[in-house]
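Structure in structure tokens, see below.
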Amino acid sequence: MSLSLLCPDAFLSPLEIDQAVARALAEDLGRAGDVTSTATIPADARAHACVVARKSGVMSGLPLVVAAFKKLAPEIEITAHARDGAAVAARIVVMDVAGPARAVLGAERVALNLLGRLSGVATATHEFVRRVEGTRTRICCTRKTTPGLRALEKYAVRCGGGFNHRFGLDDAILIKDNHIAVAGGIRAVLERAKACAGHLVKIEIEVDNLAQLEEVLAVGLADAVLLDNMSIDDMRKAVAMVAGRVPLEASGGITLDTIAAVASTGVDYASSGSITHSAPSLDVALDIEI
Amino acid sequence: MSLSLLCPDAFLSPLEIDQAVARALAEDLGRAGDVTSTATIPADARAHACVVARKSGVMSGLPLVVAAFKKLAPEIEITAHARDGAAVAARIVVMDVAGPARAVLGAERVALNLLGRLSGVATATHEFVRRVEGTRTRICCTRKTTPGLRALEKYAVRCGGGFNHRFGLDDAILIKDNHIAVAGGIRAVLERAKACAGHLVKIEIEVDNLAQLEEVLAVGLADAVLLDNMSIDDMRKAVAMVAGRVPLEASGGITLDTIAAVASTGVDYASSGSITHSAPSLDVALDIEI
Amino acid sequence: MSLSLLCPDAFLSPLEIDQAVARALAEDLGRAGDVTSTATIPADARAHACVVARKSGVMSGLPLVVAAFKKLAPEIEITAHARDGAAVAARIVVMDVAGPARAVLGAERVALNLLGRLSGVATATHEFVRRVEGTRTRICCTRKTTPGLRALEKYAVRCGGGFNHRFGLDDAILIKDNHIAVAGGIRAVLERAKACAGHLVKIEIEVDNLAQLEEVLAVGLADAVLLDNMSIDDMRKAVAMVAGRVPLEASGGITLDTIAAVASTGVDYASSGSITHSAPSLDVALDIEI
Amino acid sequence: MSLSLLCPDAFLSPLEIDQAVARALAEDLGRAGDVTSTATIPADARAHACVVARKSGVMSGLPLVVAAFKKLAPEIEITAHARDGAAVAARIVVMDVAGPARAVLGAERVALNLLGRLSGVATATHEFVRRVEGTRTRICCTRKTTPGLRALEKYAVRCGGGFNHRFGLDDAILIKDNHIAVAGGIRAVLERAKACAGHLVKIEIEVDNLAQLEEVLAVGLADAVLLDNMSIDDMRKAVAMVAGRVPLEASGGITLDTIAAVASTGVDYASSGSITHSAPSLDVALDIEI
Amino acid sequence: MSLSLLCPDAFLSPLEIDQAVARALAEDLGRAGDVTSTATIPADARAHACVVARKSGVMSGLPLVVAAFKKLAPEIEITAHARDGAAVAARIVVMDVAGPARAVLGAERVALNLLGRLSGVATATHEFVRRVEGTRTRICCTRKTTPGLRALEKYAVRCGGGFNHRFGLDDAILIKDNHIAVAGGIRAVLERAKACAGHLVKIEIEVDNLAQLEEVLAVGLADAVLLDNMSIDDMRKAVAMVAGRVPLEASGGITLDTIAAVASTGVDYASSGSITHSAPSLDVALDIEI
Amino acid sequence: MSLSLLCPDAFLSPLEIDQAVARALAEDLGRAGDVTSTATIPADARAHACVVARKSGVMSGLPLVVAAFKKLAPEIEITAHARDGAAVAARIVVMDVAGPARAVLGAERVALNLLGRLSGVATATHEFVRRVEGTRTRICCTRKTTPGLRALEKYAVRCGGGFNHRFGLDDAILIKDNHIAVAGGIRAVLERAKACAGHLVKIEIEVDNLAQLEEVLAVGLADAVLLDNMSIDDMRKAVAMVAGRVPLEASGGITLDTIAAVASTGVDYASSGSITHSAPSLDVALDIEI
């Protein structure tokens, strides 16, 4: 039940999974472990359990569920009925779990917290994605992620059909107003960035208005342009001005209500922090029989 | 600017703060650090910045903001205008930050992600708390927290005026349906738990109906009883039956819409997972001048 | 050979075992590993070894012995002839170990140090426990544990028949003289503690004399009372005064010589730091044939 | 108040101190920190405290006490009245501590547990050392140390006037019976060890009787010889046989009762596991005024 | 003496510096620390020392030298006479260090090992850079770095005037022969990569011959093309074919002897693993007076 | 495929292997893992690969190669055709690797970087070793190792036929000029060192000239003497003076050109930092078929 089979297109280091699960288990088991189960469930009792999505949504985190149970008892047997990225209906059983009862109960909350959080992000992403179907606009995330879970949440965004923005401050250049101001203008800042950047680092620049966009196009060193808090009308003009020369990303306060209008302008990407920082958890549960 | 002054009643190990901030910074700075600022901002440039709450809410996480900036540049100067637990209006400046521009920009997102997430939890908690004002009911959290952030989110719940349930599987006994079934009934499970538990470990038991509650009261070993998914009517009957002998906690699907009714029954605690697992981030920002 | 089978009632997170063993092995193997065995024992030599209790005592730590050997060579075969918590006579073989000779020798000292230390704690606890047989008094530990081994030593206390006090400063409230003084008296401090504590946190208060005890009973918010360094006579009076309303814990300088007298007073718990901080190691050895 | 001033001859990496203190604090503060003090002591209250040795003994661990308090509040002021290695009488104040009351209370137990444990080892060592005064015999430790505390306990042995044996399996060669047997005898094993060892690695070999000792002397490659469980009479003969050509270490069941006799034989070293694995903690306390 | 002042254009997370130095010190100080200095240098002795480049070269790692000394004694005073990236002549003093003698000696080797290694990489890089002066070709590194030191070595490459290739498998797409073969050809693989990649991820593809290059240009989705082990003649033809539409990187067996010829072809980048994996250390020393 | 079988005489803790491989994989896989292979290679594709030495050299690091592949996919099958320490000709296949294609590609660079670096050290060592064949001189390393890789590089030195000097500042005493000066001369420093050192710690002293050597011999407490930067002629005189009473180590600027002359003097050890700090990587590659 490896990551690659539970999610064929996982852009996620397997080491991240292991670390996140180990940290979450340590946090929940604390010093004395599951005292309730140790006190009341015999050591040799066995349990069968079903992971159930109580609400419909998009799965993300199934490999972490596997890892959580296996960490407490390697002999636990797990059968998956869904893969990450799958849209499932309410009340669907996505996994069967069988093994020592204490281990099943001991890993339950960690498994569900991980699956619920990531599936919540995937589901929120997917809601945006559905609104832009048929357009050229792709939904993408930001760096506004839950501290400590960035790689996992970026993975969940992909499970939901979205695309990833930068993973950190280090893997691409994103020039904002302060950088422009300090460097002495758009041409200066782009030239300075280009002079530093290796050939495998993209440069994106944020613009507030069409005049700035024009200047960026004139300089010609940007790999992408972020339209910051522009009106729908200006976005449309921006798309026309650019005419495909550079990808355009719309950003700033985009909601489920506004995303269709944003996409109608023809921008290439629309990014939203809310799909990571404010996505409600998907309601998932473990139905257990001992 | 120590934790104890920014939040006089913080139930949170200071080591948790340090670890969470270090992990979040490592996640965001990656291998090469803030390449954009390094490329475009001189090493000796200085910045002044204001941490602003863009929406009204309850603050939680200010000590982590301090820690994030100090970690990148110990000489950064910070003046706090609010404490954790304070309700602030929209557009209020809660902190002034002054120091090396690269460090201010480098820690910006981490500081905001932490503050936004924890203030989101505090604010969500506070909304529940306000609905139960004037009743005996206290709002409390669950173990449905974001993996890796439990201690911080539990702290945020307190900032919002809520109370904490268990921090993990190890610091209290909470007997659920499976434990009862395997142990052979309510009396058996309570006796077994009591026989194991030290005198500083509380025992709570979950009941689904009034008959079970009656049995619990007859056995008399529980320190608290959780009423699981009961109707408002049954909760009211439960309160009458118990007559103050043991604290009652209402749990299961409690929302902002239903919390007032729940509180009207006279239960001692109402617990909600949504205040931690599904609270939207509070919108906080850093206004920077370099 | 899982923890749950080697000790059916283990209140101990399995992650603690793994960490403690890994840390101890790293400490002993250092940078170059077991240079003596590498130099003198062929890589393919095999060994059979017996873990022997040289003195009689109570076993604690067998799962850690398993983990230590398996960490160096997963293929090592281990048969256990005792479980944690078992009282064994001198010269009893508690485990058979068979596998690569270098791994057996490489893990020997770590396995024995862990088993000796924890069995020492269990044995010391058990000596107290035997002195109180037939009374209502339970033996319990304190926070005076070996730094870095608290969870393991608390587990060993249980193996010896004792009960656990707080695991740390965070999982229960224990009000001492300084807290009372600063808060302005017993009523004030108990009310303040109760106002802060969640419903799953117990509150214990330390009293020096019967007048304080009376005040505590009058306030009525304490879940337990610690009688600090009281005379046997006063303990007896305290038990009479309390009449079962709240558990009483005797503490302070209790030794094997005095424990029977303490128990004769009818206190519910007698706590001793010496069972963890000053227990001599149990003498255990590995008899090896290569 | 640096390590080097509190103990001028400390053979201990300063990084070990930091790690041990951080681990012990994390263990004690857990997730929510010192809930009792947070609930009952104002954030701005200050405390003055004295570290007192309740029993006479040899100090070891004062730099760790400093580190523990400073870790919770860098502004805590500490004045030391003794150095590690000093023999102090009962009721002596060894340190004054002044600072935020919550931090003083929060680090109290960790500081005392570390100081008590290490001073216990130093005191136990010193008792052996005093019995051999006036002889050529030096007391030394073994690898029978508390898991996770080896470097600190080895340091404590030195504070007590003892000497250190190997720190781990990797920093010297110690050939025992199994190595001799597998390698095919004393000459073979010594030649094999010598052929592998670098010129900065010492080789010690364990012998059970005088015939083996004679063979070792004939081969001539050992830097030291361990006399394992020999009678006092045989030790004396061994000293005569060796005539200073190689240091002799007596080992095996040496106690305070027998150490003088052992030393009277003229052996160079007498090693005892009990000074580390079974030393009772020294009784140290913190007298606090808030 | 912050990183940003010692190297104004450092693309390196400050957390990497701290970790690398802590790990190196732990590795060198081991369990007992600097036993020689503890045994022979008084605790209060002070030393003055000069960091000297014994051979000419390009500095890289000075901030790590500072961190190493400060970690052992925060009060050590350091004056830098050079910055990272500076070319220094043989026998130049690059830093003055003054403080406790034991700390100066204790950190000496770690400081020099770090400075020597990174300056070695910077110097090797600079030798390539000098050979391509006046051409459009930039020197860049590969992922053939020393395990555990990648971010630092990539930083050293920049100090030497080079540029950085990918930092890991995750921050850019580099399509090689196996990927092309499995995906079913150049068009298929590029389309698949483009369909997955976010807009801030660059795509580079490796080609072995001009026919492949032509196909890449026809598809038009690559951000860069790597010419793998091509002849100088073919490189020149490739440059002509591409005519500036996409950056070209020459790779494979490029040495100091061949780099000028490679650069003469007009390629944009020439990458060499040898500047990281096989650069000899720069000879640096610490001249100490106590 | 355990370490002990891949290298029968490995002086290396198995925990070091695990840590080094985990750290290197984390460094290379970053947050999103191998994005190229995830995008272009199906999850169920399998690969067969050969680890090839492109240049002749001495193998070191094969167990780390195994660990790297197994860490990404435990089911990967590996057949080794060489052991560490073996001299292999160019173009020899040293290992066959078969398993999931993504895992093979994902671990490729880490495996090769580790194998190349360590085999580079082993090969460089072996070149020195061959020059001293037939003499009594042994080649040994220094503490001038790559930060973070010391234990592995010391292991590689042994694979190449060399011997190990100190592993750190803590496992032997090496007295240099500063120690002599501060302690007040050679007799004073040796007596002080001897008074501190345990009987399993060797003492080596560095001398600059024959007069110092004479003084060392007169004092008679050193276990080894390091001849620092002496002329060949003086080395020869030193050997004659010492006449086998103590091992002599020649050190300082020894190269492949001078090593034969050094060895001809009859010194016991010749140490060289260059075999670790400046050894070029051995050229190793992975030939993959998917």
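Order of writing sets the chain letters: A, B, C, D, E and F. Residues in each chain are counted from 1.
Here is the rule we use: a contact is a pair of C-beta atoms (placed from the backbone, for glycine too) under 8 Å apart; a residue touches a chain by one contact, two chains touch by 3 or more.
Treat the numbers as computed from the prediction; the structure is a model and nothing was measured.
Undergrad: Please report the minimal path length, in steps, between subunit B and subunit D on the chain touch graph.
TA: Between subunit B and subunit D, the shortest chain-hopping route counts 1.
Undergrad: Which contact partners do subunit A and subunit C have in common?
TA: Under the touch definition, subunit A and subunit C have B, D, E, F as mutual neighbours.
Undergrad: Can you give the whole-Å distance between the Cα centres of subunit A and subunit B?
TA: Computed value for the inter-centroid distance: 23 Å.
Undergrad: Counting only Cα atoms for the centres, state how far subunit D is from subunit E in Å.
TA: The answer is 44 Å.
Undergrad: When the centre of a chain is set as the mean of its C-alpha atoms, what distance in Å lies between subunit B and subunit C?
TA: Their C-alpha centroids are separated by 32 Å.
Undergrad: Considering subunit A alone, which of its residues make contact with at least two other chains?
TA: As it turns out, subunit A has residues touching two or more other chains at 9, 11, 13, 27, 29-33, 35, 38-39, 42, 150-151, 164, 167-168, 170-172, 174, 196, 201.
Undergrad: With chains as vertices and touches as edges, which is it: line, ring, star, complete or other?
TA: Per interface graph, the chains form a complete graph.
Undergrad: Per the contact definition, I'd like the list of subunit B residues that touch subunit D in the complex.
TA: Against subunit D, subunit B makes touches at 2, 4-5, 8-16, 150-151, 154-155, 164, 167-168.
Undergrad: Using the touch definition from the top, list the residues of subunit C that touch subunit B in their complex.
TA: On the subunit C side, the touching residues are 9, 11, 13, 138, 140, 163-167, 170-172, 174, 196, 198-202, 204, 223-224, 247, 249, 268-269.
Undergrad: Using the touch definition from the top, list the residues of subunit D that touch subunit B in their complex.
TA: Residues 22, 25-26, 29-33, 35, 38-39, 42-44, 72-73, 100, 102.
Undergrad: In their complex, what parts of subunit B are in touch with subunit F?
TA: Against subunit F, subunit B makes touches at 27, 30-31.
Undergrad: Taking the touch rule as given, give the residues of subunit D at its contact with subunit C in the complex, in rising order.
TA: Contact set of subunit D toward subunit C: 20, 23-24, 27-42, 45, 47, 101, 105-106, 109-110, 112-114, 116-117, 120, 143-151, 167-176, 178-179, 181-183, 189, 192-193, 195-197, 201, 273-274, 277-278, 280-281, 288, 290.
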